[in-house]
Amino acid sequence: MERINKFKLVLWIILGIALAAGITRFIFGLGATTNLSDTTPWGFWIGFDVMGGVALAAGGFVIAAFNYIFGRKEFHSISRAAILTAFLGYVAVVIGLLFDLGLPWNIWHMIIFWNPHSPLFEVGWCVMLYLTVLFLEFMPVVLERFPNLHLLSKIHKVLTKIRIPLVVLGIMLSTLHQSSLGSLFLTMPYRLHPLWWSPILPVIFFVSAICLGLMMVIVENMTSSYLYKREFEENILGKLSRIAVYLLLFYLVLRFGDIIIRGAGIFLFQASWGTYLFWLELALTVFIPLIIFIIPKLRKQPNFLYLGALSGVFGIVLNRLNVGGLTHLTNLTKSGSFYFPSWLELSISAGVVSLAMLAFFYFIENYSVWDEKPKDIDSEPLTVPKFNTNYVYLGPTKTANRVKFSFAFVIAFGLAFALISGKHIYSKGFDKTPVYKARGGDTLLIDGNRNGYGVMFPHKFHGDSIKIACGKCHHLNKPKDKNTQCFECHNDMYLTGDAFRHDWHTSAQGANLNCFECHKHNVNKGEEFRGNMAAITKLCLKCHNDLFPADVKVKILKTYVTLSYTDAMHKLCINCHKERLAADSLLRKSKPGLALCSNCHPKPAQYSAEHKLFTKQNVNKWVVVPPRLK
Amino acid sequence: MKAILTDITKCIGCTQCVSACKVINKLPPDKPREWQKNDGLSARNWTSVLFKDEYYVRKQCRHCIEPACAAACPVGALHKTDFGAVIYDSNKCLGCRYCMMACPYGIPRYDWDSAVPYVRKCIMCYENINNGVIDQPACTKACPTGATIFGEREDLLIEARKRIKNEPDKYLDTIYGEKEAGGTNVLYLTSKDCPLDFLFYYNNRIEKGVKLLGEPAFNQPYPPLTKKAMNSVPFAFVGMGAVMSGLYWIVKRRQKLEKENKGAEDGKNQ
Amino acid sequence: MEDLLNFAKGPLFRFSFAVMLLGLLRLFVLSLINGFEAKKKAPDKSIPKGYVRKLTWGYLFPIRAFRTKPIYSLVSIIFHIGFILTPLLLYSHALLFSESIGFSWMGISLSKPVADNLALITIFAGIILLLLRLTSKITRSISRKQDYLWLLLLVVPFITGYVCSAVVTEPATYKTFLTIHVLSGDFIFIFMPFTKIAHCILLPLSQWVTARSWKFVPEAGENIEKILGKEGQKL
Amino acid sequence: MFSDKSIAVTDEKLVIPEMKYNIEKVPETDRVTQFLKIFAALLKETNYGSALELYTKVSAKCAKCTTSCHVFQATKDVKDIPCYRSELLLSVYRRYFSLEGSIYARIFGGFELTEEHITQMQHSFWNCTACRKCVLECPSGIDHGMLTHIARYILAEMGLTPRALVISTREQLQGETGNTSAIPLIALKDSLEFLEEELKEATGEDIKFPLDVEGADYIFFAPVSDYLMEAETLMGIAAVLHAAGVSWTIGTKYFDAINYGLFYSDLVLGRVLRKMQEETQRLKAKKVLIGECGHATRSATFLKTYWQGEGCPEIVNILQLTHQLLREGRIKLDPTKITERVTYHDPCNLARQNWIVEQPREIIRAFCKDFVEMTPNKTENYCCGGGGGTVSIDEIRKYRTTISGRKKAEQIRKTEAHYVIAPCANCKKQIRETMEDNNVDGELVGLHDLILKAIVINK
């Protein structure tokens, strides 16, 4: 199997995983798939897909400028591939953005609802326009293939004529939005780490984008040449690296000058996560590439050249990630939850990149992006490999690829889809905490304090002597079950529940009913199940004739959705207990403080810290505040 | 402009304001989630009461006079009304969450668990007051101790100053919201034991008290931070275009001249 | 047991469902592409449309099938109907889907007695099919292992499902049967695209693909000679 | 209890003669590798891969095909079940050419291609007459005929082809005479002259066989064996064309319609069709007319595929043409001439895909009083038993007539017809031999033999 086919197979597998993640994201929302939170609303998708993607695609306008404006014709042979990379990069940005936006189907709103003060508005417009420009710049390559179609060849002619204006327009638009991506963060001076936030952030972004553009062209060219076993343009790439040296030096001066003039130098040598990230970023972006590009001995070795360019690319992408979310102070200090992308976020980003790469390979194989098309793609030699018993022949490469790739895609999709944990989706961020049952007739053991110890509760006495109607406490009795406990309905400590047990009524061990024995059949005919539930549902009394004692006053509940155990305790039980205390002498003697909060919450502030719910945060403690203790 | 004044010293933490808010805005019951900031605010809780050093601090949207969120929103889904509230139009929103990033108080919350999520925050009961359903926000109305009150901003500032003047031992001599970030429509009075700096991102700084060049002052509004960059956009656009066209012209001319020279030389040689 | 059940209802179910759906789609698309490639290769693009259409419709409404082997055809058709309707239109399955995958069809579901009876009929049809296969020398001789395995595997969820729904009341037994039920369902899903059950999605294409394959490629014969190194040889 | 009634044939003890044909040259030893290599080359160059890929997935092994296979119904041998035979090839494909199958094989082991398997295929695929009747029954839509075709192609590339077929094609393609029966041109001219005289006697008309007429409407290709054995059919055709005044011609350079390539090799199919094209272009004929022959007609339709350059002529079968002429009233048939009972046998290649089914029946009804149908008939008619080229292998005549042709013999016996019409050279030879060997009364004729008796030629 050829290199390129192996690589494509990997890309298809990633694509399969990404599709599974993408579907989950659109069914269950961002919370289920990402590690984003209210403290870190922007994460990997903005940092890598959008900001990184836009920066990675900068090669398009840089090479176009060199080729068409500065008259450096030697770059002509790589300009098509660079423009294609840019175009696909921007398409990838838009696709990535569709995943990140909460309401992606409203993305066109930017066209009709204007807020020109917003940097994001400007970025959005520029990206849209530049995408169009790139499309028009790349179109001739596609149209070349159809010289016989009159209309298309006409368009081709027009496009070649207006190429220079298009290139100039593209450079203008790129300048704007490459820098405006930096402007986005001007508005959050205290959110970003001081080593990154700067009033000249737009300029820094623009300069670094040009550096990245140059190095990305090197990486893209060498990678694809390696994959297609093709000689790469050593000359041109060497020239690019020499240009990159000056730009990188400028960037280095700019960056440190900015930090020192602003007075942020004190942050440079702290022992903190933010500072480490800064030095890592700078080492990748500037130091490694500079060393390699300046020393001619290293520069002339393809491996080192590749390493330098790759390091630069990683560095500047890391810069975008740092600005986009990693070095936000809510992330670095203990004030918020720590953000690191979930594997679903990573896989979707990887999937978008894979898609762009596959599209890139498609164009390379089918259109004349390079001066000559890669060999052995169009026609297969008329041979069949030697057969031994282990050999499997799946047809010509194209067919075999199709079969293998789709198979890998399906399996990868299935595995990823299976691995997306149901917990993340269904618990809504919380473990279920079942409440233990305690049944009894005359005397019940209630874990009223929820401290693991049972409390004796003279149940019979309440019914016989105090003559409280059961419904007062057992607002909804279950059939033939006269001592329903709180937990029967409030069956989760923190989550809402269902007082009517649908599962029991339908299960074989329970009532073994089907839906239509209680609900009218016309729910099938379009009547909303949720809309008018009372109208289409049979009353409990129709089946359970002996549901309530004759003399009981029952509070009729309008809904079967029950509060969580904690909520119910505060609203219902405590009130009830209070009333009983006022009336009864016996209980007052046995448990004088039954209605006191301190029974359940002996130490309110500490209590929360012990509890699972509140383990995560240390600062900004939030508790459900009980009335002040005396 | 209307405003809300919350006196921390008077709050008893009964959370009546929280309930009232949920009732009037028809918010469903809340469940704690992993993705919440855990200050009690969420897409289903637009106000909350924090327990801080024996005091209760109510948290809600500050309704800045010059709101950063409204300036940031690319489609203008958030905007400042003359009434004083910063309100949200869910029909325009496209879910970019730039408002959440831009807010210096970290207030807007997101429907993370919904497939159709919106940004949620206090809107000062704007619509209900506008429609005449209520005459003041539900939270101030529900407060049993008068710890949080509603009125014209100027009146409330006068009232606040009066309280500080009357009991200088009890109150900290700052009205939070008077100046910070250009002033807000939600004002706080607090006890000397409990400064409220923690509500503001300014105080998330690692090195407290370090003021770097270019960073906005404590009382500086936020929208102008990007305005400068945005104002230079047309110049950058036209300038870049001019430079590029000029370069192109020069390069082309030079090439042409070179060619002519070469041609002339060739001619000579021949 | 509880863990196994949860695994079968959760990750395994999601995996199997995804593999089934996408796998079948893959087969369909690959066959379509193959067909169109064949069309592209052959200069003669015409196919006997009426004949292809007639036979293709014959799969959806197999009336012709009754003329030869009527018993077999009838039982097999009943088995197919039961097999498609019962699992698809049972409320519990809709519930499983909505819990595990996030979408479902709760609005349309069979009433319990109908579903139960249909399940019984399907079980009997399956057993009869198995007996038919076992008793006839002809079918026995051409059957592969998977032909028996499939019948068994397909009937197992029906039996266990029926037992769960109508027979047992004891929780432990119920759990056991339910686990087998879900597990066997999962395995059916997983193996669907890779075995003969793929016919569920490929049948509508088979006549078209056949008709396309009958179109010869003019250079093929000579090219094969070249590949085999027999170029220019006499017959 | 569940035994299959439809396949029960009234039968005492049946002796199955050995189906053994002579092979021209025995291939080299490592047949397995050779087979796989050829298979791979085939998949690479032809369109069969798409069908095989699909068949390996859908094959359900329901045995419904047994109800339509005349060979199986005679032998009751499981090796003759169409599905069993197809599986021989499909299992090879599944193991060596499909992803799922190879993965399965790597994990669990299983099928491996062996010499015995090839030997089995070598016999099995020549037992099949490629009539494709089972296709109509198969609920999975598998074309067993195509699988036979593919397997025979591979076997042919290995050299495992019956000698009879190879000899005739060799003569046709490389021999001096250029036709399968090796008739020299002089002999042809002689026999045509003789036929013209015969026609003169029979009809009193001067009916010519026009040779080498340039620019005629139709260039006529008959299966060459007709010139030797079925002269009356040719006479009938000549009479019809003469009566209707159709301009037609027979090429002297190439006049054979037989194309055994359809039975065993696409290569041969293409080469023979090229010869046909050359002749058609030489004589600048507008349409190609094929005589009474099933496989010749079907293979001629592939002329469209193999035609080099523009302007492929229309291909017409004589039955279609006669039917058209009859409808237009250009020929007249005397409805009183044929009084005996007549039945019609549908050649598989003509009728199976509902192509030429109604036309011959309309012609027969126009001049035969007592026409009975066989059961089953039309598209579902049984094969004569000599399809797929087996008819030309004389060493297996016993097998052909007693096993393959058994079903046909019964069918004909049931109709109690005097004339059995079979408009196909292969069917004629096979049915004639079958009727002889099975002692069925009646006379086998071509359609145009009868037409010759009934045609009215006006001056």
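We call the chains A, B, C and D, going by the order they appear; numbering starts again at 1 in every chain.
Following the convention adopted for this analysis, contacts are C-beta pairs under 8 Å (C-beta built on N, C-alpha and C of every residue); 3 or more make two chains touch, one makes a residue touch a chain.
Here the structure is a predicted model, which is why all the values come from computation and not from measurement.
With C-D and A-B as the two chain pairs, more C-beta contacts join A-B. A separation of 36 Å divides the Cα centre of chain C from that of chain D. Inter-chain centre distance (chain A to chain B, centres taken as mean C-alpha positions): 24 Å. If you average the Cα atoms of chain B and of chain D, the two centres end up 86 Å apart. Centre-to-centre spacing of chain A and chain D amounts to 65 Å, using the average Cα coordinate of each chain. Chain contacts: chain C has residues 30, 34, 37, 223, 227 touching two or more partner chains.
Among the residues of chain A, those in touch with two or more other chains are 27-28, 384, 399, 403, 407.
Chain contacts: chain D has residues 37, 41, 44, 49, 100 touching two or more partner chains. Pairwise chain contacts present here: A-B, A-C, A-D, C-D [touch as defined].
Interface residues of chain A, counted against chain D in their complex, comprise 380, 384-396, 399, 403-404, 407. By the touch criterion given at the top, residues 27, 30-31, 34-35, 37-38, 41-44, 48, 50-51, 55-56, 59, 62, 65, 68-69, 71-72, 76, 131-132, 135-139, 141-144, 147, 194-196, 198-199, 202-203, 205-207, 209-210, 212-225, 227-228, 234-235 of chain C touch chain D in their complex.
Per the touch definition, chain D reaches chain C in the complex via residues 1-4, 6-7, 37-38, 41-42, 44-51, 53-55, 57-64, 66-68, 78, 81, 83-84, 87, 100, 136-137, 139-143, 146, 157, 166, 169-170, 173-174, 265-271, 302, 304-306, 308, 353-355. Residues 12-15, 29, 31-42, 48-51, 56, 68, 71-77, 92-98, 100-102, 104, 106, 109-118, 198, 201-202, 204-207, 210, 212-216, 222-223, 225-230, 233, 236-237, 240-241, 244-245, 247-248, 251-252, 254-255 of chain B are the ones that touch chain A when the two sit in their complex. Taken in their complex, chain D has these residues touching chain A: 32-33, 36-37, 40-41, 43-44, 49, 96-100, 102, 106, 112-113.
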